[in-house]
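Below is one structure, written out as structure tokens; comments come after it.
Chain nomenclature is as follows: A, B, C and D, assigned in order of appearance, with residue numbering initiated at 1 for each chain independently.
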Amino acid sequence: MEQRKLETREMLLNVGPAHPSMHGIIRIVAKLDGEQVMDCDVEIGYLHRGFEKMSETVDYNGVMPYTDRLNYVSPLINNMGYCMAVEKALGISVPDRCHYIRVIMSEISRITDHLTCIGAGAMELGAFTVFLYMIKAREFLWELVEMVTGARLTVSYCRVGGVKGDLPEGFEERCRKALEETRTVLKESDILLTRNRIFVDRMSGTGKISTEDAISYGITGPFLRGCGTAYDVRKDCPYAVYDRLDFDVPVGTRGDNLDRYLVRMEEMHQSIRILEQALRDIPDGPFLAHPETGRAIPAAEMVDEAKMGNIVQIEGARAVVDPTLDGASEEEHPGIAADEKRVFLPPKEDTYGNIEGLMQHFKLVMYGHGVRPPKGEVYFPVEGANGELGFYVVSDGTNVPYRVRVRPPCFAIMSALPKLIIGDMMADVTPTFGSINMIGGELDR
Amino acid sequence: MTEYLGILVFFALAATVAGGFVLLASILGPKKPSKVKSEPFETGVPSFGIQAGHLSIKFYLTAILFILFDVELVFLYPWAVVFRELGGWGLTGMSIFLGILMVGFFYAWDNGALDWK
Amino acid sequence: MNAESLIQAVKDRFPKAVEASHAYRGDATVVVHRESLLELARTLKEDPAFQMNFLMDLTAVDYSAFGTKPAPAFFASSGVAVRPSTTIPDKAPWPGPPAFGRFVVVYHFFSLALKHRLRVEVPVEETDAEVDSLISLWGGANWLEREVWDMFGIRFRGHPNLKRILMYDEFEGHPLRKDYPVNKRQPLIGPDN
Amino acid sequence: MTSRLDEAIGWARKFSIFQYPFVTACCGMEYMATACSHYDVDRFGAGLPRFSPRQADVLFVVGTISHKMAPVLLRIYEQMAEPKWVVAFGVCTCTGGFYDNYATVMGIDTIVPVDIYIPGCPPRPEYVLDGLLKLQAKIQNQRETGERSAPEPRPEFSV
């Protein structure tokens, strides 16, 4: 006799804004039948801070600190994306050394993003040790970033038309040491996780999505590569010097959480490979502009000399500047800045030493002056840690951007969340959400 | 009778320690009840509340299986203490007992009572 | 295929729909009437010549305050001798925002197979700011359109639940419009400083 | 006159801080770095994050609070059991930081009473540990200085 289906009323459950397993603030109202999620309504916007409105109030270089706080786990990639969009609007390009520096810093940032994502995801499944190991590895890389940019997280390192300063001395071997330690941590975590029965059981088969659905939702990045489509902006629309570096794009097959985890782990190894190649063939570092007269004069003294008009004494001298201004003196300047006087600050020696440098500095920092791209609109995609991070910049010729629109990669993934968790069990929402790597700042902007 | 004295002392000690903490907490801790504080905490938003009495049948199934094998475990403890004195008979008796329960376990497992779907 | 041939292909397919087009800095852009948007999007997606399977981005721009602020001249025009630096290429200047309409809804398409990108702009009047929804073609359009409605107040015909996504429901007004002041707060609780 | 009992209570509370990490934005990354092995907040007895306001003593508000999030923050603060303290972690919670716009609450002390302010965007882990020590000093002499154990929430704000 046909078994009458017991009619049970579904239970509405709030996986709310302050939920422990959601390391990011969204609210999922899930309709549960026992343990199974039958339907869910996702509500976001809890971290909407008005990035696009604020970027219409500051000038082009002033938007930089706001871009750090978009995807705050990999800030340098946002910086690079925004800078390259504005440089495309200006129609200028930076020297090769600066491209290499940007590639090095954004690959370091990508590794920290994947470390945080996998670490936090594993912690929610109980693998607390892996979280501690990965955050330890992230500390090594953050020390590296701090050595170059001065800050660990909110770096604001790029400038329109270049970067703030050249790589300090001793960067290369510290970078190699940090990469070595990251590699050991990756090996340890791989041993701990990849064949761990609990981890594999929780991750495989949950949060499945087919390639067609992923593409129709506009999902890109490790999420799409987990489903089997090899779309990587660095390979398909190469920018900076990615076409000169060879690395391969890991692709999954089933499109579930385990594949995404494996893709991210493999991507970290590829990023380390990119870093090593970039460190090897980065164009020459600072060449001494005036080796024979390259004596160093304190900046204040140089200014006094210039004021008195005796330019000849300080011709070709190097200014000893405040450490925060380091890395942008006359010898490093050609390597890190576009040769466009209307966009990038002059080296300190010119600013203190002669009137043209002072004029250029004045025109770039005074209110109402500064970087002024011609009227126009530009879209520049960059491979962020979660997918394609595009910047759409509309400029009306003034020094304030008219409209800066960020194409957030994890916004598309979050819009597919109902398709990911309906049918799974309530406990599977946590690994799925861990592998989405939703970053509040990027999602709600 | 004296061997039970040890257990008595053990229980008394446990009761005083647990009771002491609860007592101290209630005396020393400040108490400021408020309407919002008494509402259930559901991640920061007013909760929908659980409709009483309409839970899915699968919870009941899992709970019953757990109780069954938990009680079986309780019988093992006294046996484990004296199994050396019981010798062969004790072993066979207990293995028959366990065998019957194992049959029940495999039947449940085979019928899919353990996986949720 | 490169920007010009892409624009030409779209023009051949939709001669009367395309109002204007340009390839500023290499981004193929087509300005289209509101009525033919859905049909154009469908052909872009299904037609083997385009194969635009990605709706990368959907956003809007409020051009009401465009050009009102004076754009001080470039540095060179102030007469100071500038070292022969690369002049900023202005050979193909940007033809300016679309002719009519306060808002412009901007779509960015990308084809994974043919590796080309297209930007479609749909100018919309302020009075009836309404455009067809692309939710039947791409699932991703759902949230993107809700955000454009939330931020600009442009309605999307055919969208299942067009309500606010980033702001809370008690919020009146659309913050990204140029006439909405930056710090006009409408707090749910707390003082209104 | 500090009675031995007050001192003992202060000492006990000081080194067993159960924190509720109300994490929203970029400061969360620095909170992770502080809680993990390199800058280890567990050395000060504050290592155990409790994700339910019932079991937490200190509410760590970490990251920008938007107007949409403000009622949630107030509700969780009010559902915490006394004695409770609030730490404003990062400049966005102290004064709203550089997000002075329609979406951000300019400083959470307009919503919940705050005990310790840790400025910085994000504050370096050393600042956080310093803030924690100041909080512990406040907890230690909480009873003898006659301060009320938890600052009274301002009536006009409670919902």
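The rule we apply is simple: a residue touches a chain if its C-beta (ideal position, glycine included) is under 8 Å from a C-beta of that chain, and two chains touch if they have at least 3 such contacts.
Note that this is a predicted model, so its numbers are computed, not measured.
Chemist: Which chain pair is joined by more contacting C-beta pairs, A-D or C-D?
Modeler: Looking at C-D and A-D side by side, A-D shows more C-beta contacts.
Chemist: Rounded to the nearest whole Å, what is the centre-to-centre distance of subunit B and subunit C, using the mean of the C-alpha atoms as each centre?
Modeler: Once rounded, the distance between the two centres reads 61 Å.
Chemist: Rounded to a whole Å, what is the gap between the Cα centroids of subunit C and subunit D?
Modeler: 43
Chemist: Averaging over Cα atoms per chain, report the distance between subunit A and subunit D in Å.
Modeler: 29
Chemist: How many angstrom lie between the CA centroids of subunit A and subunit C, rounded to a whole number?
Modeler: Each chain's C-alpha centroid was found; their separation is 24 Å.
Chemist: Pull out every residue in subunit C that's touching 2 or more other chains.
Modeler: Counting only residues that touch two or more other chains, subunit C contributes 167-168, 175, 182.
Chemist: Please output the residue numbers of subunit D that touch at least 2 other chains, ranges allowed.
Modeler: 68, 72, 76, 101-103, 159, in rising order.
Chemist: Going by the contact rule already set, what residues in subunit A reach two or more other chains?
Modeler: 16-19, 45, 48, 50, 53-54, 444, in rising order.
Chemist: Classify the inter-chain contact topology: is it line, ring, star, complete, or other?
Modeler: Looks like something else, not a line, ring, star or complete graph.
Chemist: So in the complex, the part of subunit D that touches subunit A is made up of which residues?
Modeler: 22-26, 28-30, 32-33, 36-38, 51, 63-64, 66, 68-69, 72, 76, 98-99, 101-104, 121-122, 124
Chemist: For a test of understanding, state which residues of subunit A touch subunit C in their complex under the given definition.
Modeler: 44-45, 48, 50, 52-54, 57, 88-92, 213, 215-220, 229, 231, 236-237, 339-342, 356, 359-360, 363, 368-369, 372-379, 381, 388, 390, 392, 394, 396-400, 402-403, 405, 407, 411-412, 414-416, 419, 444-445
Chemist: Can you check the complex and tell me which residues of subunit C touch subunit D?
Modeler: 167-168, 175, 180-191, 193
Chemist: Quick check: in the complex, which residue numbers of subunit D touch subunit C?
Modeler: It is residues 67-68, 70-71, 74, 100-103, 105-106, 110-111, 157, 159 of subunit D that touch subunit C.
Chemist: Hey, which residues of subunit A end up touching subunit D in the complex?
Modeler: That would be residues 16-20, 23, 25, 45-50, 53-54, 65-66, 68-69, 72-73, 116, 120, 131-132, 135-136, 138-139, 142, 152-154, 440-441, 444 of subunit A.
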